[in-house]
Amino acid sequence: MLSVISSVMRIVEIPMIALQRLLGINRLAWVFLLPNLILFGLFAFLPVILNVVYSMTGSDNVLLSDRPYIGASNFGTLLDCSDFLDPNSCREDKFWRAVWNTIWFVTLQVGIMVGFSLLTAVILNRDIRARGFFRSVFFFPVLLSPVVVALIWKWILQREGVLNAFLDWTGIGGFNWLVDAHWAFAWSVFISVWAHMGFYTLILLAGLQAIPRDVYEAAIMDRAGAWRTFRRITLPLLSPTMLVVLVLALIKGVQTFDEIYAFTGGGPGTATTFIIQYIYEKGFAGAPRLFGLAAAASLLVAGVLVVLTLAQLWANRRSVDG
Amino acid sequence: MRQKRFAMTALAGTMAAFVAAPSVAQEIRFMCYSDGNECEVYDDLLTRFEAEHEGVDVIVDVVPYQAILENLPVQLAAGTGPDLAKVTDLGGLNEYYLDLTPYIDTAYWDASFGDTLDWYRVGDRQGYYGLHTQLTITGPFVNATLFEQAGVDMPGPGATWEEWAEATRAVAEATEADFPMAIDRSGHRVAGPAISYGAQYFDDEGNGSFEGFMPFAEQFVEWNNDGTMARDVWASQGGATYADAAQEFINGEVVFYYSGSWQVGRMDEQVGDFFDWRVVGSPCGPAGPCSGMPGGAGVVGFEQTEHPEIVAEIIDFLAQEDVYAEATARTRNLPAHLGVASAGVEFEGASPAAQAALNAFASDLSNVSPIAFRYQGYAGNRAMFGITVERLSQAIVGELTVEEAMERAAEDLSAALAESN
Amino acid sequence: MADLTSSRRTGILGFLTATRGRERLHWTDWVSYGYLCLGIFLMFGPVVWLVLSSFKDRNELDRFPPRFLPYAQETIEVDGFDEPLLAFRVTEGDLAGELVGQTRRAAGRAEVVVPANPDERIRLTTDQLEPVEGIAFATENYTQLFERFNFLRFFWNSTFITVMATLLMLLVNSMAAFALSKYQFRGRNAVLLLVIGTLMIPQTVVLVPLFLIVTELGMFNSLWGVIIPGAATPTGVFLLRQYMITIPDEILDAARMDKASEWKIFWRIVVPLSAPAIAVLAILAIMWRWNDFLWPLIVLTRTENFTLQLALNSFQGELQTDWPSLLAMTVLTLLPIAAVFMFLQKYIATGIASTGGK
């Protein structure tokens, strides 16, 4: 297998050398980018552009050619609020409930998850026994499909579930977790951290492995304290990876959907309804299928995400430069 | 000698099939989803059709229900749909249906399927489109053992929701049952009771409306909050997601569980000897009707198929009385075929309790209000089911008052009607 | 005293920096192991529960309160009865403590027989009977799967999609990441922003436009319709690019001095040095493609093209879900990918730290 790949690579090298002579080193970058750009163009950018077009059309038809142009009225519907802090005053009250839920959810979830992922990665990066086993343990939930994650935790948290059976046994007494809005929300945060933590731990672990060991040896020579070493050496050297983790965690946090949808369906009431569930129900699961409104909502969310991500990138650049 | 000749004929037949097959091979794709064994049974029945029609190969693709609900409409719009499918959004997909009129004996269909044919018709498309294979009706399952233990008399036929609520509360108090009543979290399930409480579901022009829904909404929210209804079912979920209370009923925690005929198989298998259960007719309400809600799924062909004639023949084959009766018996569904229904069905592998339950459901069909029939055939009913569930749940958990919830429901509906065409 | 402090420092430093070669367990080690054991309980416990549940029959799955191990009611063979009878223990009355088999039951009353005396039918009320239960693994949940459909076909489809999409994605993404991290060219930031920008639109939303594009390209109902769009994942480019930035430019310049072509630098130096990130991405890509559901669901409608996830979810009907089969299938689909993970995770530990760092 490997020898096949390396001989393929040797063949690819011939035209690449020719191109390198022709274009020069820096313009060769475009050649490296090209395959990715083609795939991206067709399967990532084009759908997004179509999405923009959808957002400006109405009716419940699927094909764009059957859909009337209605300008910005989908955006108008979504933003029709007399008080943005009070969903009840909005025309699309569910959209705004979902927005506020998502803001709270992401704030809590990203903070908790990145914190625990970093802690776990640092511990797993130590010279401990059975490292591979422990890594697998923390990564395992990532492998489960959202339906199964939701099912497992329903078994545990339902009125007569495992947790309540345990609490009854200890004498504390059970509680109907999923009927209470605040608890259902808290458990949603927990489950989403549980299901995705392994993903970020793995990325951070790879990042920690990339820090050259001699840097630490120098720190020991200088008798730098552990916390100081961590803050002055580990964190800065980890920052490109940390940036990936923060950006991805934020984006995926805002896009949280499957497992919570299968877990609470967004309930009780709308307590755990997040923005993608709103979009999904408007555009796909519900009737009539309002692709236009769903597309408009997704663009509003994407707009906010772009701003947040740019802020993160900018903050990162400043902290690296300064 | 005789044996040998038989072998020769068989060989010749096989040869012919092999030679003939490639020239006329027609592959028909049937997109199917299963709530039990439906797809397996159709696949089996259709091998008979294949034997009669040389060169036709009907392939049953068993997909998740989600694919039928969410992806099939998109595929049909893009022209990549299957040849036929089992669907539940009966009126909603009408524009894509193949009209079977030229290929079938319409008199037989009219006489056999009557009202259910209307469920597949919308506007000026009034042909013959769908074969209703899986007729369902909503109704209550009652835990008779709990009634016996509590020494409470079970309300008789014609009892109202109020009377059932009172009786089941008494039973729950006297026994270890946790909840007097439970209703599946579904807009379809509450439609029957809502009609009994006076919901009209249509305005004067025949458009969907929540006129008259208020009395039921108030009663339902109150029952959810005073412990009469199992609050978990509606309150621990959100959006328009479906949730049932079958697990609670099976565990003997619910005295009266309002679900539907499709649960019979599961009750039969899972309750087993744990307790005695019974199906009773849908209770009555202050507005008069003692109505359940009919429903179910049917098989339709699509206009985009390359073999409309064969597709129509397949559906017509499944519609024939003997085939239909066999399918009904094996899948343990209620028959929508009037001939099969009046002849009675011996459900395959059903215990006496299950047979009695299915018969009870079948006989309750005559009590179904005309509004319920019309509502089931209304193309906008999925939108209305969804709105009902979402807004009622919000009222139950206290995010909205009942008045606000109904106001929002009316707004949602008018927005939905404005967008669909 | 000074020695003590320094050893403690090394210890805590070790906790945060992975210094190897300590002789005895420091308290930070205890904390670490404690944390990891809690991790096993929290992260792995539910998975163990899942596996055990896949061996439960439908009744046991629906049972309140749930039990850890799968139980089922025992049956006994009694002379004169063709079928085994359900076993009960009598709780009160003359027969208290006896094991009996139930022959018939209706409306709160049951007819039972004592195995030793099969001819005498005894009538009892059902509250005098308690079912006898034993641990029983419902292996038929698994065997049924192989009888009911072409498991190997689905397995092959899933494997083919996963392997092809992962290879394609790794190659294309690492090339792009190399260009975006190691070259200065006009438009670099614009491309990077576009890449990150597409991350913002969730897949759920672009499903329909993407479906129309793929259909237009003639890839509907083809495995390639799942493979090729799946390879265009922005996460991979972003992740690899951020990792490649940390590779010192001096290494590349040294290679250029030796007249290595840019392709050779990419293939022989940058890719091996990025092994940990590539391993991470490989694990993620394999996992994404293997578990992918929504996209294959819309592109693949024919049984012969189905992946394991599609087959798994076809146990979900409108009103009923076949949980025992679904759980058994989940466990089966989990096994190969868990094995792949255990194999690949050790490559995360090889990288700059051990190869080119010094």
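Going by the order they are written in, the chains are A, B and C; count residues from 1 in each one.
Just so we're on the same page, a contact is a pair of C-beta atoms (placed from the backbone, for glycine too) under 8 Å apart; a residue touches a chain by one contact, two chains touch by 3 or more.
Predicted model only: the values in this text are computed from it and were never measured.
Colleague: In terms of Cα-based centroids, which chain occupies the most central position?
Modeller: C
Colleague: What chain pair shows the greatest number of contacts?
Modeller: A-C
Colleague: Going by C-alpha centroids, which chain is farthest from subunit B? Tell me that one.
Modeller: A
Colleague: Just give me the whole-number Å value for how far the CA centre of subunit B lies from that of subunit C.
Modeller: Roughly 34 Å, centre to centre.
Colleague: Measuring centre to centre with CA averages, how many angstrom lie between subunit A and subunit C?
Modeller: 18
Colleague: By the touch rule stated above, which residues of subunit B touch at least two different other chains?
Modeller: Only 69, 74, 78, 251 qualify.
Colleague: Name the residues of subunit A that each touch 2 or more other chains.
Modeller: 62-63, 160, 284
Colleague: Among the residues of subunit C, which are close enough to touch at least two other chains?
Modeller: 64, 208, 212, 313 - these are the residues of subunit C that touch more than one other chain.
Colleague: Please name which positions on subunit A make contact with subunit C in the complex.
Modeller: Residues of subunit A touching subunit C: 9, 12-13, 16-17, 20, 25-30, 32-33, 35-37, 39-40, 42-48, 50-51, 54, 62-63, 119-120, 122-123, 125-128, 131-132, 134-145, 147-148, 151-153, 155-156, 160-162, 164-165, 194, 198-199, 202-203, 205-214, 216, 219-220, 223-227, 229-230, 233-234, 237, 240-241, 243-244, 247-248, 251, 255, 257, 276, 279-280, 283-284, 291, 294-295, 298-299, 301-302, 305-306, 309.
Colleague: In the complex, go through subunit B and note every residue touching subunit C.
Modeller: Per the stated touch rule, the residues are 29, 31, 33-36, 59-67, 69, 71, 74-75, 78, 80, 82, 88, 144-145, 148, 242, 244, 246-248, 250-251, 253, 260, 262-263, 266, 269-270, 272-273, 276, 297.
Colleague: Can you name the residues of subunit C that touch subunit B in the complex?
Modeller: Counting only subunit C, the residues touching subunit B are 58-59, 62-64, 86, 102, 105-108, 110, 126, 149, 208, 211-212, 215, 220-221, 297-298, 301-303, 310, 313-320.
Colleague: Of all residues in subunit A, which touch subunit B in the complex?
Modeller: So the residues of subunit A in touch with subunit B come to 58-63, 88, 93-94, 158-160, 176, 178-179, 181, 184, 261, 264-273, 277, 281, 284-290.
Colleague: Which part of subunit B faces subunit A closely enough to touch in the complex?
Modeller: Result: residues 69-70, 73-74, 77-78, 89, 92, 231-232, 235-241, 243, 251, 380, 382-383, 386, 390, 393-394, 396-400, 404, 408, 416, 419-421 of subunit B touch subunit A.
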